[in-house]
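Please read the structure below before turning to the comments.
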Amino acid sequence: MIRQVAIVGVGWSPFRSITPSISYKEMMYEAAVQAYRDAGIDPRRDVDSFVTVAEDFCEGTSIFDEYVPDQLGALHRPMHTITGDGIHGLAASVMQILTGRFDVVVLEGHSKASNILTMPYITAFAMDPVFNRPLAANPVFIAGMEMQRYLAETGTPLDACGQVVVKNRGNALINPLVEFGAELTVDDVLLSEPVAEPLTRLQCADHADGAVVMVLAAEEVAKTLTDTPIWVRGIGWANDTFWMESRTWGQAGYAYLAGQMAYRTAGIKSPRSEIDFAEIDDVYAYKELQHLEALGLCRPGEAGMWTLEGGTDLDGEFPVNPSGGSLGGGHMLDCTGLARTLEVVLQLRGKAGQRQLEDVETGLAFCWRGVPTTGGAAVILSN
Amino acid sequence: MKEHVYDTVYLRGKDFEEGNVLFETWDPNARYAWDTGVGMSRFLQELKAGRLVGAQCSGCCRVMVPPRMFCEHCFLPTDAFVPLQDTGTIVTFSLCYVTWDMIRIKEPQIPIVVAIDGASPGMGIMHLLGEIEPDAVKIGMRVQAVWKPAEERTASITDIAYFKPLEQGGSQ
Amino acid sequence: MSGNRVAVVGAGMTKFVRRAQETAKELAWEAASKALESCEMTLDDIDAVVIGTAPEAFDGVHMNSEYLSDGCGGWGKPVIRGYVGGGTGVFSPIQGWYHVASGLFDTVLVVAEEKMSSCQPHPQGAFLTIFDNFIERPLEPNLLWIFALEMNAYMNRYGLSKRDIATVSVKNKRNAADHPAALLGDPNITVEDVLNSEVLAWPVQRLDVSPVTDGAVALVMCAEHVARRVTDKPIWVEGVGWSLDSAYWTNRDLSYPTYVEEAARMAYDMAGITEPRKQIHIAEPYDPFDYKELHHLEGLLLFDKGEAPRAAADGVTQRDGDLPVCPSGGLLGVGNPIAAAGTMKVAEIFWQLRGEAGARQVPGKPKRGLAQAWGDLMQVGTVIILGA
């Protein structure tokens, strides 16, 4: 990239299944204050632009952009919403800095999923209104169909999907940020009640509330703000076809494309050897496997065995979702990718506490927009 | 530049009446229960008690209504709730002859922004004005909240039924 | 330090209509294909796609940009959608600018789409949900309220009459009569027609307001080395600016759009403009209501506070005046499919600076123009300056 960009501050409001004592504004304020303190900046003076990620129907407010500036200290400043995942927001922030006209950009993402009373209906509202919505089915069936096809194409054993859950919820047990940690067995997972076969309840991430704020800065500024800048090495995002009738159900094409762009911008030729660990979208257990393959971190069809052999464990050769991922930390709507990115930052700073990985220099975060979409984004960070 | 304009198919009322076009309908089932949080919870509780309250910033000392947990100008937490009067001054108004879904009404609704007494200058909230002839509404007019009876209040902005002109007080 | 130079090289749009048979996706495709055709490019030449569309409640689709992505040409490409309410239409080209200026992409297709008619019984209903969920929505506010409240505050501050303001509506609807995509062009409309139109929310009357509209507009933006190859008339992005004010709109002075001034100053600074009144030759400020054009012209520093109405009455803002304003016909005349309307303004500046605006062409070969949009809760200003 033509200019180096670093993450110089992070803040969060802890990820919890409910957060009844604070409003969305107060949650964002809490995360923002922490991020600004971390970066050592005053938002009213030192920030050139603000980016927030939100989808109106996740908020229950049209044009949610309206309600963001105050609690971020962003009023009378350039600020805009990205209706995408947090990593899309990160892409927008990075691009602004790369233009040379912005030195410090603040990025915010949040989830108040607990405030949504009709979640499956909201998700269904994302389906094609003419072809698919009249079927009036809970959209989780899309994940079930995709999982079925993925397993059939790759020969991945069901146990591997179970093992993803065992691993991630186990990792979450030692992550104080999150609350879905649990000691499970593969049988617990596979024998939990079916949701959309072969998908069972424990293979689906529950939702969580929370907020993440990050401060990004151009190289010259970053070096004055912190001794531990986390560099954005590469970033990529892509959409596959939205049509359910013509998508490639077995493979995550969007993850392949987003990964390729991220590797290209980072100058990475051999992702498996040049990247030390990853935080990868695992809103459904099979997605972690499918995404690992699409991102070229293992060969097609090998993610399952790799997982069963412990290769992606916390102490494995390539740890995946050391934070516990969405299965261990909750699906945080548009903030999901920022939760993944936050863990990569903490690991690269050596501040991941009990779950700290040894000698990590480069990590990847990847998000998916969830059913029924085929959109995703990837970011590669280095310390 | 005509060549750069795509000639869209323009539907008219009769296309629907005569069944010339097909459509799918869908009623969104989008329901939410929003956590009101620290600042707004207090405001709503006070409304139930028949009172208005603001929040004060320790930096700029502004008294803000609606109250919030932080000052957006100083980016500091607010540190005190401040009781306000239930009177104020009309900042601006409209006489509205259509409902929110564009059905015409005979007697206009009168939305106002009312700057609340006791808050810093220009600190207003939106509400409705009643007990007045539409022609008589003026910017700068002094008004007072008309509260619902205590037993009908639900900790909502509608606990104030509307604002009405304040007898004799002139403009502030 | 200002990244790569960025040009607009192509533009296309759909006709703006009250209710289109096309789905949102189809409208997006129609505009996108026209824009590509206009610069003899194909989708294969496009590196990334920017989508602009305003509240999902109109289209009735959650995560609307995912649904729209293939209609906008985004299959297999990086797709992103930014969002600043009504300000989106000018913000999307600003996003196009930062995509290319960042050096990550050489060519970007910007597609802004709005299909408001999907929202029944009336799209105004969707606007109920833009208000504060705690203390405003329970009052069942109408969108018109906030504009009426702002218009009244503006009129009161400067002692303006409805007649002072109605001239804007007349000018724009007359200008739109020459626009091949216009919904409400009318060469014969008079000030009396506006003043006698039905009162919706005093001081707002029917002909003070732009119509509910379906439509889409697309632009092709690219880096300098591509621009030089594909056209001999590139139009350069000289400045961009945007700014957002507080959500607590009832705490603000509604008579002046500070956020528009902030956005304008940012754009002028980038463009090296020190005397906007001399250096801007043509302006497309956002005009969903007639008073907004005046309000915005003041915020853009093109007229002193409270002075825009007189300039309008004196003919300064006519197509053959000293500063042609909304020569397209604006939202009042061409139509207001929210996000697409703002991008239509950018397209108009593009065509005017290339001398391709046909019957709407302003005299004197303008070299630099500005488009501006506005949105959220009367809260955001977005400004782009283009130069030949």
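Labels A, B and C are assigned to the chains in the order they are written; within every chain, residues are numbered from 1.
We take it that contacts are C-beta pairs under 8 Å (C-beta built on N, C-alpha and C of every residue); 3 or more make two chains touch, one makes a residue touch a chain.
From a predicted model like this one, the values you see are computed outputs, not experimental measurements.
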Between B-C and A-B, the pair joined by more C-beta contacts: B-C
Farthest chain relative to chain C (centres taken as mean CA coordinates): A
Most central chain, Cα average position: C
CA centroid of chain A to CA centroid of chain C, Å: 33
Intercentroid distance (Cα basis), chain B paired with chain A, Å: 37
Whole-Å separation of chain centres (CA-atom averages), chain B against chain C: 27
Shared interface positions of chain C, touching two or more other chains: 60, 127, 133, 246, 248
Shared-contact residues (touching 2 or more other chains) in chain B: 26, 28, 32, 34, 36, 40, 68, 72
Residues of chain A touching at least two other chains: 57, 60, 69-70, 75, 122, 125, 129-130
Chain B residues touching chain A - in the complex, by the definition given at the top: 24, 26, 28-40, 68-70, 72-75
Touch list for chain A against partner chain B, complex: 19-26, 29, 33, 42-44, 57, 60, 69-71, 73, 75, 112, 114-118, 121-122, 125, 129-130, 133-134
Touching residues (chain side chain C, partner chain A) in the complex: 1-3, 23, 54-57, 60-67, 69-70, 74-85, 91, 95, 97-99, 101-104, 118, 126-127, 129-130, 132-133, 241-248, 258-259, 262-263, 266, 270, 375-377, 379-380
Touching residues on chain C, where the partner in the complex is chain B: 11-22, 27, 30-31, 33-35, 37-38, 60, 120-122, 124-125, 127-128, 133-136, 138-145, 148-150, 152-153, 156, 180-181, 198-204, 214-215, 246, 248, 250-254, 351, 356-358
Touching residues on chain A, where the partner in the complex is chain C: 1-2, 50, 55-57, 60-63, 65-70, 74-84, 88, 91-92, 94-96, 98-101, 122-123, 125-126, 128-130, 236-243, 253, 257-258, 261, 265, 369, 372-375
